[in-house]
Amino acid sequence: MDFLRRARGERFRPVEQQALEQLPDDVWHKCLGCRELLYEKDFEANLHVCPRCGHHHRLTVSQRIESLADPGTFAETDHELRSLDPLGFTIRDRRYLDRLREAEESAGVPEAVVSGTASLDGRPISLAVMVMEYLGGAVGSVAGEKITRTVERACDEQRALIIVSQSGGMRMHEGLFSLMQMAKSSAALARLERAHLPYISIIADQTYGGATASWVALGDIIIAEPGARVGFSGPRVLQAIKIRLPEETQKAEFMLQHGMVDLIIPRPQLRATVSALLRHLTSHCSARKAAPAPKRRRITVRSTEARE
Amino acid sequence: MDFLRRARGERFRPVEQQALEQLPDDVWHKCLGCRELLYEKDFEANLHVCPRCGHHHRLTVSQRIESLADPGTFAETDHELRSLDPLGFTIRDRRYLDRLREAEESAGVPEAVVSGTASLDGRPISLAVMVMEYLGGAVGSVAGEKITRTVERACDEQRALIIVSQSGGMRMHEGLFSLMQMAKSSAALARLERAHLPYISIIADQTYGGATASWVALGDIIIAEPGARVGFSGPRVLQAIKIRLPEETQKAEFMLQHGMVDLIIPRPQLRATVSALLRHLTSHCSARKAAPAPKRRRITVRSTEARE
Amino acid sequence: MNRHVTELEFERGLADIRTALERLEKAEAKGGPDVVAQANKVRASYDQALTEIYRDLTPWQRVLISRHPQRPRFLDYVATLFPDFIELHGDRHFGDDGAIVGGLATFADRSVMLVGEQKGRSTKENITRNFGMPHPEGYRKAERLMRTAGKFDLPIISFIDTSGASALQDDEARGVSWAIAECLKTQANLHVPIIAVVISEGMSGGAIAIAMGNRVLMLEHAVYSVIAPEACASQLWRDVSAAPEAAAAMQVSASQLLQLGLIDRVIPEPIGGAHRDPEVAAQYVQAALREEFSLLANEGLDWTTHRYEHYRHLGRMELLMDGSQTTGNGRH
Amino acid sequence: MNRHVTELEFERGLADIRTALERLEKAEAKGGPDVVAQANKVRASYDQALTEIYRDLTPWQRVLISRHPQRPRFLDYVATLFPDFIELHGDRHFGDDGAIVGGLATFADRSVMLVGEQKGRSTKENITRNFGMPHPEGYRKAERLMRTAGKFDLPIISFIDTSGASALQDDEARGVSWAIAECLKTQANLHVPIIAVVISEGMSGGAIAIAMGNRVLMLEHAVYSVIAPEACASQLWRDVSAAPEAAAAMQVSASQLLQLGLIDRVIPEPIGGAHRDPEVAAQYVQAALREEFSLLANEGLDWTTHRYEHYRHLGRMELLMDGSQTTGNGRH
């Protein structure tokens, strides 16, 4: 398993395949934060967080799902959705459809979102995880559709919603279809809000653009991983419009300081925190189940004598 | 009529009495903004706004009501409410009850709020006007009660709510009873909000403290008069806690710039603006009256063919 | 028609005719029937040339038109179509953004809430308006006014004209993404109808933020895009000068987007573009809005559900079946 | 009990006994039964003296106690009573105010939303917490969390400890009055129960902003006032040194406010005040909250209406009838 290349997003293969190819010289990895050499088993056990400097390296989508869902409960949904090329988009004779095929091959998954149902400490969840390795997590019709269906499934099946986001922005190859995913997913989240179901939005490193400005920002609780880069315009857009933001700006810590993010949670504590939050935000459900809500009536607890 | 003394809040008598006492040397008034001598009739006709510099001098409560309500439609409510002295409050043997009696005599009204019903261009309104001349517009139990009843009357009789505020803050002589008026009036305004009835909050010069931090800030539309001083802590509180704010801070224009106020409207245009706003905000009522709302049904206007 | 507008690169051919015409028109007043006849002829050939140029514009040319400095702005339409507009200021939290303007007005005998993005014209106004790039407080003002419209059952008309939301450090600090997302959610929740009109540039998240209409209209030469063509070119072509190709590839023009089912109506512009005849352009916008209004007013729709279904179905995809690919779509 | 706290002016009499006791206690460990007996005697007289001092405190003395630097803060109660507290940050608009802390926790087997004003202790912490004077973003965070509680049907417990909201230029610019008013309106609209506990200083609008409980509790030596006594003295007495008279006149202490019907319950404090025994103080708060909780949990109340009626009747006034004054009240 070539971890370093994978971490840089150059290449990604499913865990199983990686395991087969694992070679002796791969058991040590250099931390991207502090350059320390880390023993792979410890590194994996610590969810790709450097035990020395705390740098959070990217998780594969299956590791991410495993880190959140109860073992064996994840059932993938909408795996069969595939992008089309509605605009016949080519860049110097390079077709978008070819680009998609390459992305699928290199990422090991067929879209920038993997979605499904699972449970977390026994509570039913609807889960979507974004995949940076697939076209930089760029959001097109299918990614938007999968997010939207994940939200709708939460509504329809009374599940809590969890979305782990990382995205370079909107997928330009699908033009305005991509932009419309912001509206589509926000509309679904508005429905979830009206249903009073909880949504925990988790920000992994590098979350930009349309994702940030729709589902990422609309969590009841928003959690970021330490050091995660998050913002509106991604670095390549900023470069194109010739804007340089100070280093610290588009960071989880900056967003926490400015009131946008509820919590920064190191990955090893993430699952427990999400579980506790879900317990709180769904506690009224169990209360309701335990005893049917009594009819509301107007009474005054305190004596009116004491009042005047 | 001794306008200058009255404008400084030292003395106030009902319009009728003033007219009787009017002396020849009172026909000219010096503008508090530009020191220009103004002919009284012009000054009155221009609603106490200096035609030269635009300075907005204080209106008496009856002038204020006349400037907003359709002629002859104002019916005062809750005139019979009087403050008590729930704490037995004395300052160096000077009793609060005596202070109240003096305030009533000098202000010509028995409380810091005058309230009633009226119409404005035919639309039913519930109106409250604060009276700076009565204890500096300080809010105690009765002022809070009158505001609250004015809000409730709007709810109960489907009237639009208009409150013209000016207040030095909460009335310390009634202790926590005064502070509770913020909660009481806000609760009434929450009811009004749930009833979808419009509330236009008008800020006249010198609006501070508990009034600002409850009903003043909760208008659907918030209008300030030009140059009106408005803020959280009044100048005397700031002096007591040794804070000096830059001159421009607690001003209508500052609040507009910082997004707190919808509009700054010169007094001569105030009535027309409020009328137009009420027309808009109550237009759905007339629409509903004109035709009973059809049952809602789900249809899709656009062809689904065009969409994919 | 105003022929004295800044001519764009692809209109270069007009200059000679226009100069000739200008000379003739000066003479026309005191000249004989000959001069008038000749002026008429040149006028006709000017109109002909203009018509030909505008008959088949490329998407990139439309991008240039949509950014034309004399193109009518939101407040120009307001002045013509909504003479009783009362502007309402502020987000009640932080500031009053000049790049988004909103307020109450009457249209077709109904009270409406207007919200629009506003670019400036003078340098001074451009600073006030931040070149039409809204700050977070602009979106929060828009959201507040839309909620007010919802509370009082007023239809909303939004006007889109932006090269994108402002994206500097202060905008990040005040949560520009959060403000846009809240705007979208609020529109999704509203039970009143929303008509969105893309009048010039509709770029990226800063545009969709206030464009979540039950009906989405576009002016003929307006553009609406997931990203500015320059930024697209710089990222996908690695060459900013490929912006025209990027604009073409992304299909940013009104007719293309109508064809794709992404917008609902194209509002025609006068020959030579809205900036050559803002009055006529405003009349066209008015006519389109009147039609939309009569459509909306006669329906007792659940606008929230209508909007949900409107956006729910946007996206093109296929379903992979048994290993073989079958073309389908994303509906369910 | 911790006797090593900063003694207040009116506790001056304690110092001699405490010094004697400290000397004896050092000897006690290795001393004979005589020393122990004497130590016990002096301990008893210390307790006696303390009890006497605290038996009949003036309102102003309670003001001083409520501001005692070692008095337990919101987060001290959280640490003891809500060990699983998860703090949630930010107002989603501008910042994360240190003077208001909020989050989720479990109490009496129920999930609750906690919101509290937090003063610092060290200079550094006091800067972070702005000496417990919330900025607008603090109230907006509180309001957001209360709305979250409403959405998910969670009871709210608020802890009040502030000398007032921050009132500098930036606070005005970000609308401190607006933030407080919105907080009040949100609480009024919530359908979940709210329990407010004034733990130390509850001054002015900055206190009521998060104190609109269905039940309002106060610690025995806490104070709750329309304005800080100093500000009242400076305005009404024209002499800031009249603060003790002002505190007395405004009846700011818990027992007085209970008597007046303005609060619902007084939570006792250990002898010598909460700061001498924070553990016991926390137990008393816990016991009171448990009782309130069993009260609240068993009722299927419409909490919105309950809260409305609770505040609707606050105020004392009379109705003037036929020119003669009849004592009455403001209810209708």
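As written, the chain order gives the labels A, B, C and D, with residue 1 at the start of each chain.
FYI, a residue touches a chain if its C-beta (ideal position, glycine included) is under 8 Å from a C-beta of that chain, and two chains touch if they have at least 3 such contacts.
Please read these numbers as outputs of a predicted model, since none were measured by experiment.
Trainee: Give me the chains shared as neighbours by chain A and chain C.
Mentor: The shared contacts of chain A and chain C, listed by label, come to D.
Trainee: Using direct touches as single steps, what is the fewest number of steps from chain A over to chain B?
Mentor: Minimal hop count between chain A and chain B: 2.
Trainee: Which chain has its C-alpha centre farthest away from the C-alpha centre of chain D?
Mentor: C
Trainee: Provide the C-alpha centroid distance between chain C and chain D, rounded to the nearest whole angstrom.
Mentor: That pair's centroid distance is 54 Å.
Trainee: Round to the nearest whole Å and give the separation of the Cα centres of chain A and chain D.
Mentor: The separation of the two C-alpha centroids amounts to 41 Å.
Trainee: Determine the centre-to-centre distance between chain B and chain D, using the mean Cα coordinates as centres, and give it in whole Å.
Mentor: 33
Trainee: Of all the residues in chain C, which ones touch at least 2 other chains?
Mentor: 92-94, 174-175, 178, 314, 316
Trainee: Show the residues in chain A shared as contacts by 2 or more other chains, in ascending order.
Mentor: Answer for chain A, listing residues that touch two or more other chains: 193, 258-260.
Trainee: Counting only chain pairs that touch, give me the topology of the graph as line, ring, star, complete or other.
Mentor: Looks like something else, not a line, ring, star or complete graph.
Trainee: Touching pairs of chains, which are they?
Mentor: Here the touching pairs of chains are A-C, A-D, B-C, B-D, C-D.
Trainee: Going by the contact rule set out above, which residues of chain C touch chain A in the complex?
Mentor: Residues of chain C touching chain A: 164-165, 167-169, 171-178, 180-182, 184-185, 187-189, 204-205, 207-209, 212, 224-228, 230-232, 234-237, 240, 246, 249-252, 257, 260, 262, 307-308, 311-312, 314-321, 325, 327, 330, 332.
Trainee: Using the touch definition up top, name the residues of chain C that touch chain B in the complex.
Mentor: It comes out as residues 84, 86-96, 104, 106, 110-111, 137, 141, 148, 151-154, 214-215, 261, 264, 295, 299-302, 305-306, 309-310, 313-314, 316, 329, 331.
Trainee: Looking at the complex, which residues from chain C come into contact with chain D?
Mentor: 92-94, 136, 140, 174-175, 178
Trainee: Which positions of chain B touch chain C when the two form their complex?
Mentor: Per the stated touch rule, the residues are 193, 196, 198, 220-221, 256-263, 273, 276-277, 279-284, 287, 293-302, 304, 306-308.
Trainee: List the residues on chain B that touch chain D in their complex, please.
Mentor: 80-84, 86-87, 89-92, 110, 140-142, 144-145, 148-149, 169-184, 186-191, 193-194, 209-210, 212-218, 231-233, 236-241, 243, 245-246, 249-250, 254-255, 258-260
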